[in-house]
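Across the two complexes that follow, subunit A remains constant while its partner is subunit B and subsequently subunit C.
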Partner chain A sequence: MSEETAQQLTDTDAAILSWETWDRVKHTERFAIVAAVVFVALWSWLFARAPITSELGGYHSLATTILIWSVFAIGFNLLLGQTGLLSFGHAMFWGGGGYAAALVSLHVYGDPVLMLVVGTTFTLLLAALTGVIALRLHAVYFAIITLAMGQLLYYLATSPLRPITGGRNGLTGIQLEPIFGLVYLGMPLPGIFGTLWVNYEYLLVATVFVLVIAFVNRIRKSPYGLIFRAIRENEQRVSFVGLNVWRYKFAAFLMSGGIVGLGGSLMTIESQFAGLGSLYWITSGEVVIMTVLGGVGTLFGPVLGAVIFLYFEGVVDGFPIVGRYWLLMLATVFTAIVWKYPDGLWGMLKLIASRIRSSVEDNP
Partner chain B sequence: MTLLQTRNLTKSFGGLVAVDTVEIEVEENELVSVIGPNGAGKSTLINLITGMLTPTDGDVLYRDTNLAGKDPYEITQLGIGRSFQTASIFPELTVQDNVDVASFAAEQGSFTVNFLRRRDRYDSVRQRTADALELVDLEDEADVPAASLPYGDKRRLEVAIGLATDPDLLFMDEPTAGMSPAETEMTTNLIERMQTERGMTIVLVEHDMDIVFDVSDKILVLHRGEIIADGTPDEIRNDETVRSAYLGGEEI
Partner chain C sequence: MGNESHTQENGAGTASNSRRHVLKAIGASGAVALAGCAGEGNGNGNGTGNGNGNGADDHAPIGNYPIEGDTAMYGWHGPLSGILAPDGEEQERGFELAIDHLNNGGGLVDHYDPLSGDGVLDYEIDYVTGDSAGDEETSIDNVERMIDRDNIQFWTGGVSSGVCQALQPIAQRERVIQLTSISHAGPITGENCERYSFRPSMSARTSAEALAATLPDLLGDDVDFFQIYLDYSYGISNRDSMTELMEGQGWNEIGQSAIAFGESDHSSQIADLDEADPDVLVFTTFGTAMADGISQMQEAGVAEDIDIVVPLLSAFSMEPAGGDAEGVIGTANWHPLRGDELSETFVDAYMDEYDELPGQAAYEVYDNVLHYSAAVENAGTFHPPTVVRELEEFEWNLAMGEMAYRECDHQASRPVYVCRGVSESEQQETGTYLELVEEVSPEDSSYDCDIEPAASCEMSEYE
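Our next item is the complex of A and B:
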């Protein structure tokens, strides 16, 4: 009897020990990066080709697109989730980066890395210009002026700048050159790598995805991460401890715009096309939905939001009969989740995990 | 030596003159209290000096620098801290993170490009936060979200944030409001220790007259935006104008 009790005690101790290790590990920087690497390594295969999960109807190019939109949502979340600024015009960075990447490939050279660099640099400049104006305003006025700026860019691209942007036809005929002059992105990967990742393009997208996760995670763990959250919570107090709130907001705006522009450039590489839709306000709205659905202010929440959103748009859309109602179904899911779990899907998963854990701990 | 001086300081909101040609002087290492009935302009005066409001007229001189028109963060970086009347904290951050925000501001200035450096590498910041939390006796609550603290603890956290900014001159707006008698006593002791041990200069706005007459070196009496008396606690206690205007002729 007493032996049994002792045995139980040690078991409980061991379990508590392992929870503690887990709690420590899951907050380390390396863990987030390793998790991101494992995710992108398996994602395309699980989504499009694995024996059971791929029955859900995923396909490889959608898997790639989801990763790219995730970059968009992660960049957007840096502004909304961390700093508390709701922009309704982030399509201007997504589309702006996309157009800049397309233009450099059409008129200069189509090296994917050059396209990414030019797209991101252009977006940083655009964010600097728009940020100086928009960040003078607060809350709803900030949302409205970013929306107006985004629409301004959309109309500029539609008509006055048609000779450059191609107007309603967009920019087509984008030729991708080999990356660093070495290998074409469309080239298939050999053997097991081909099964997992299909081609070099997926490798490029996955690399950018991991780098963005690592970058944002580092920001979150830097003084900026703390100051951004403090600004979200109580902007006045931040200025009264002696910090220049405006500059920190500007920095957040630049970083967010730059990441989104990087994603937009990737999208041009993926689709070999840049079109007006990428600048349209509905695109700005879609990224808000993804981010809020996945979990505002979390690192991986926006990825989850992008997965669900694009799954509905790309797969549920094709289901017989119910397919045409995909947007209605998505809206229902969105409302239900956000109503029940203000922290989105990521918050929901965390809550479920902690419930399971406490019931495990209570009944060892 | 005079640390802070206002000249002709005036603020009007439309037709209402909230602060009317106020001239005050605060000496280094002095504890000055500002008292006056509700609406006398005490908070407006603090807001003018710390940069939350821009004066309609007049100057604020701090160590020969004119503060009028400067932003709050610039004024704070010059060495003027403040704690707020309501607990102005960051509710969703932990107690430690709340104070860390101020510690970073004190250690590295109003803006620094260090978004690729991890904040757990800043030992001096951690030390500063630990010191501030120890002073207000909140070190055991470091990992608790600020929102879940009782009200008195939130006020102490608010004071710790003000202390971590490392001010030479600290404005405290009713620091003991909403505190229990024990917390009030602790805060009063803290205020005296900051003055004696750290050599800080403190300007206190306070309704509790026991505290005011107990700790102050000098008392300023505001009435309808004007300074009507200025002197040591004894002088103020025996001042006829103060009694009739503010204390309604009562004995204090």
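Our next item is the complex of A and C:
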């Protein structure tokens, strides 16, 4: 294989740049990870500070927030896109992870890594508990029971658990300690790193983002993930083959919940706040919109969806006059894209790319 | 871009220009500026000599200081959608009027010595605004945008106490000064207090002190009272303050009933109230919930013999209630028909611009912009820790009367305006929902630093 590559290198440049090479490379696991690394390395700079692209009005803290919501959407998509289970209660994991991370920093210690670990562990437990109940139901009943459980948690946090959750005011006063006792996340990075990534917080968020991409990609490429997809296509057939469908669904639910909880904990670290909004059903709806907008069942689609959604919420919202209609504009964009391209933005990009490619191939 | 970007007509547009300007500067100087933020103190001394003579003080960069260029950004952030919007819209108008007066003179700027009417410290003032929607997460995102992209030096506005409390740590973390408005809950200048956050408006305790000083005269001495309150920090801190202070006046609390936030059906609370049969109801609520509550009490026939006290009264409550709120007693931060010269000056300027009578929300934000700018002028710099220190001993006396911040909890000691709701026909006639009953002096409405909520305040650091 390496000889072959070397030979191609010596042969012609055209050989490495050929469509065949591209087709081979783009489906490798390593390619997805490299793409994710390149993306996060340039993302904040391109979005907020690069000469031309930042004219769109992006800014660094939004770049960070987008990566965090992307983690949420990727985790959600593992359940919806990969396994075909539509949950309307994922805010419980997002908010649950956020509250758990906030509580550990308030009452124990505010090391960001500890917060991530506790937030994720809590959501895994929560997912195990809710999964046992919800996964007995199918399709729309599953969506409804997850919605109901999410709202149950919301009401618990609003009133009965107020001494713990802070009720309507949420949890404030979250103090972050240096990560591993070494450096505060708010510290600026030196030199070119500062220009690219601004501070250590971005590095942490970017690292989690890449790890989540790598993990989900591993699942997608593995035989295990193949069974998820088989369940999505035809649950009954999978059970006829002799596989325990419930167990696979449960595993998908756990993984999805865990990733979303990880994202929620990151959000607490970013905003130093955990509030009821994160548990509310609208949050569950927003992640559905992001995922569908970006492309259900794709790896990077949910990221695209998060970018568009939060760009409208965070930038268009601030435009003079038209700004207050951002939600209406987003709804229009959403409807137009989903109507024209049922596979979302990612599907749209793929379609455009393949059209360009075939026109190039036709006229060499 | 130079001269054209200085008008304040489209805040957001000019904001992004100035931000990019700064970012290019950061890019050009590599990370020198950023390293400076970390306080490594390697003597890079940037921030000086930026060519317009303002950067002569050599403070290390902190927050959004130093300012690049000759325009300083201010921010307003409050509710333009949702149930709190009536006050938010007033605030935004008051804010824009204040910026106009700072740059071009007019209004109270002409009557306030530290201000010139030609910008602040030779900087032209530009601004950005954001809609909080009364929601904590949205507000955090918006304020981060205003700080991060638009480089605001300070911001004011807001109604919800929950939002205010979620934003206070951001002011502290980013070293950008926040002057709160209307937000009433105790913890804002109590356990949640921050060095970079100041509350010029009343706290629940300030209102309760003022009510304790006036209610016995208005409603009698030996009074049985009942409380219905919203079950979260705004309601609870008002409930606690009212219980303590009214009982101190010899009033007798005969019961309490909580109502969940967002609940509009008051029937079980009204049943409790009817059973208790008090002389006075202390009803801590706001917005449409207050309107619903009062109209339901009237339908149930329990409101006739009971005087209703709503500790905090403002447009967002009075507008939906309309004539139903006639006779309701409560407190406000200011009253447009106070009758003093400065209030009249403000009312005239506001009516010229917007053709309606301003409420407390409009004036309060206007006042915040002015007294912050005066503190900057006195300090001679926008350097945030210096301005914070200036504000901590700042006293001013504009249309709200004698105001002074205190260092212990950043709560202003201030006059309180006890008001009463007027009938629908009077509303039409005067253009205001409230008549002024009594002005309570700062001495009578203040409380000591060792009393809750102030006692729980542990101030965070300056730099």
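Basically, the second predicted complex is superposed on the first by the 347 of 364 C-alpha atoms of A that agree within 3 Å, B and C clash if a C-alpha of one lies under 4 Å from a C-alpha of the other, contacts with A are read in each partner's own complex, and residues count from 1 in each chain.
Please note the rule applied: a residue touches a chain if its C-beta (ideal position, glycine included) is under 8 Å from a C-beta of that chain, and two chains touch if they have at least 3 such contacts.
This is a predicted model, so every value here is computed, not measured.
A.B. asks: Once the two structures are overlaid on subunit A, check if subunit B and subunit C clash or fit side by side.
C.D. replies: They fit side by side.
A.B. asks: Of the partners subunit B and subunit C, which touch A:195 in the superposed model: first, second, both, neither?
C.D. replies: second
A.B. asks: May I ask you to decide whether A:121 touches subunit B, subunit C, both, or neither, giving the answer as first, second, both or neither?
C.D. replies: neither
A.B. asks: Tell me which partner touches more residues of subunit A in the superposed arrangement, subunit B or subunit C.
C.D. replies: Partner with more touched residues of subunit A: C.
A.B. asks: Under the stated touch criterion, which partner chain does A:273 make contact with: subunit B (first), subunit C (second), both, or neither?
C.D. replies: A:273 sits against subunit C, while subunit B stays out of touch.
A.B. asks: Let me test your reading of the model: by the given contact rule, A:29 touches which partner, first (subunit B), second (subunit C), both or neither?
C.D. replies: Only subunit B; A:29 stays clear of subunit C.
A.B. asks: Which holds for A:59: it touches subunit B only (first), subunit C only (second), both, or neither?
C.D. replies: Once the two structures are laid over each other on A, A:59 reaches subunit C alone.
A.B. asks: In the overlay, answer first, second, both or neither for which of subunit B and subunit C A:247 touches.
C.D. replies: first
A.B. asks: So, A:158: does it touch subunit B (first), subunit C (second), both, or neither?
C.D. replies: Second partner only.
A.B. asks: Would you please give the vertex angle at the Cα centre of subunit A, with arms pointing to the Cα centres of subunit B and subunit C, as a multiple of 10°?
C.D. replies: Rounded to the nearest ten degrees, it is 140.
A.B. asks: Taking the superposed arrangement, what is the smallest distance in Å from a C-alpha atom of subunit B to one of subunit C?
C.D. replies: It comes out at 35 Å between the closest C-alpha atoms.
A.B. asks: So subunit A touches subunit B in one structure and subunit C in the other; where do those two contact lists coincide?
C.D. replies: Dual-contact residues (subunit A): none.
A.B. asks: Give every residue of subunit C touching subunit A within the complex, in rising order.
C.D. replies: Residues of subunit C touching subunit A: 10-13, 16, 19-20, 23, 26-27, 30-31, 34-35, 37-38, 80-81, 128, 130-131, 135-138, 140-142, 144-145, 148-149, 161-162, 165-166, 168-170, 173, 185, 187, 191-192, 231-233, 260-261.
A.B. asks: With touch defined as at the start, can you tell me which subunit A residues reach subunit C in the complex?
C.D. replies: So the residues of subunit A in touch with subunit C come to 48-49, 54-55, 57-62, 65, 158-159, 162, 167-170, 172-174, 186-195, 198, 271-273, 275-278, 313-315, 317-320, 323-324.
A.B. asks: Across the complex, what residues on subunit A touch subunit B?
C.D. replies: 29, 218-219, 221-227, 229-230, 233-234, 236-245, 247-248, 251, 255
A.B. asks: Given the complex with subunit A, which residues does subunit B contribute to the contact?
C.D. replies: Listed in rising order, the residues of subunit B that touch subunit A are 50, 52, 71-73, 76-77, 82, 84, 88-93, 97, 100-102, 104-106, 108-112, 114-120, 122, 161, 164-165.
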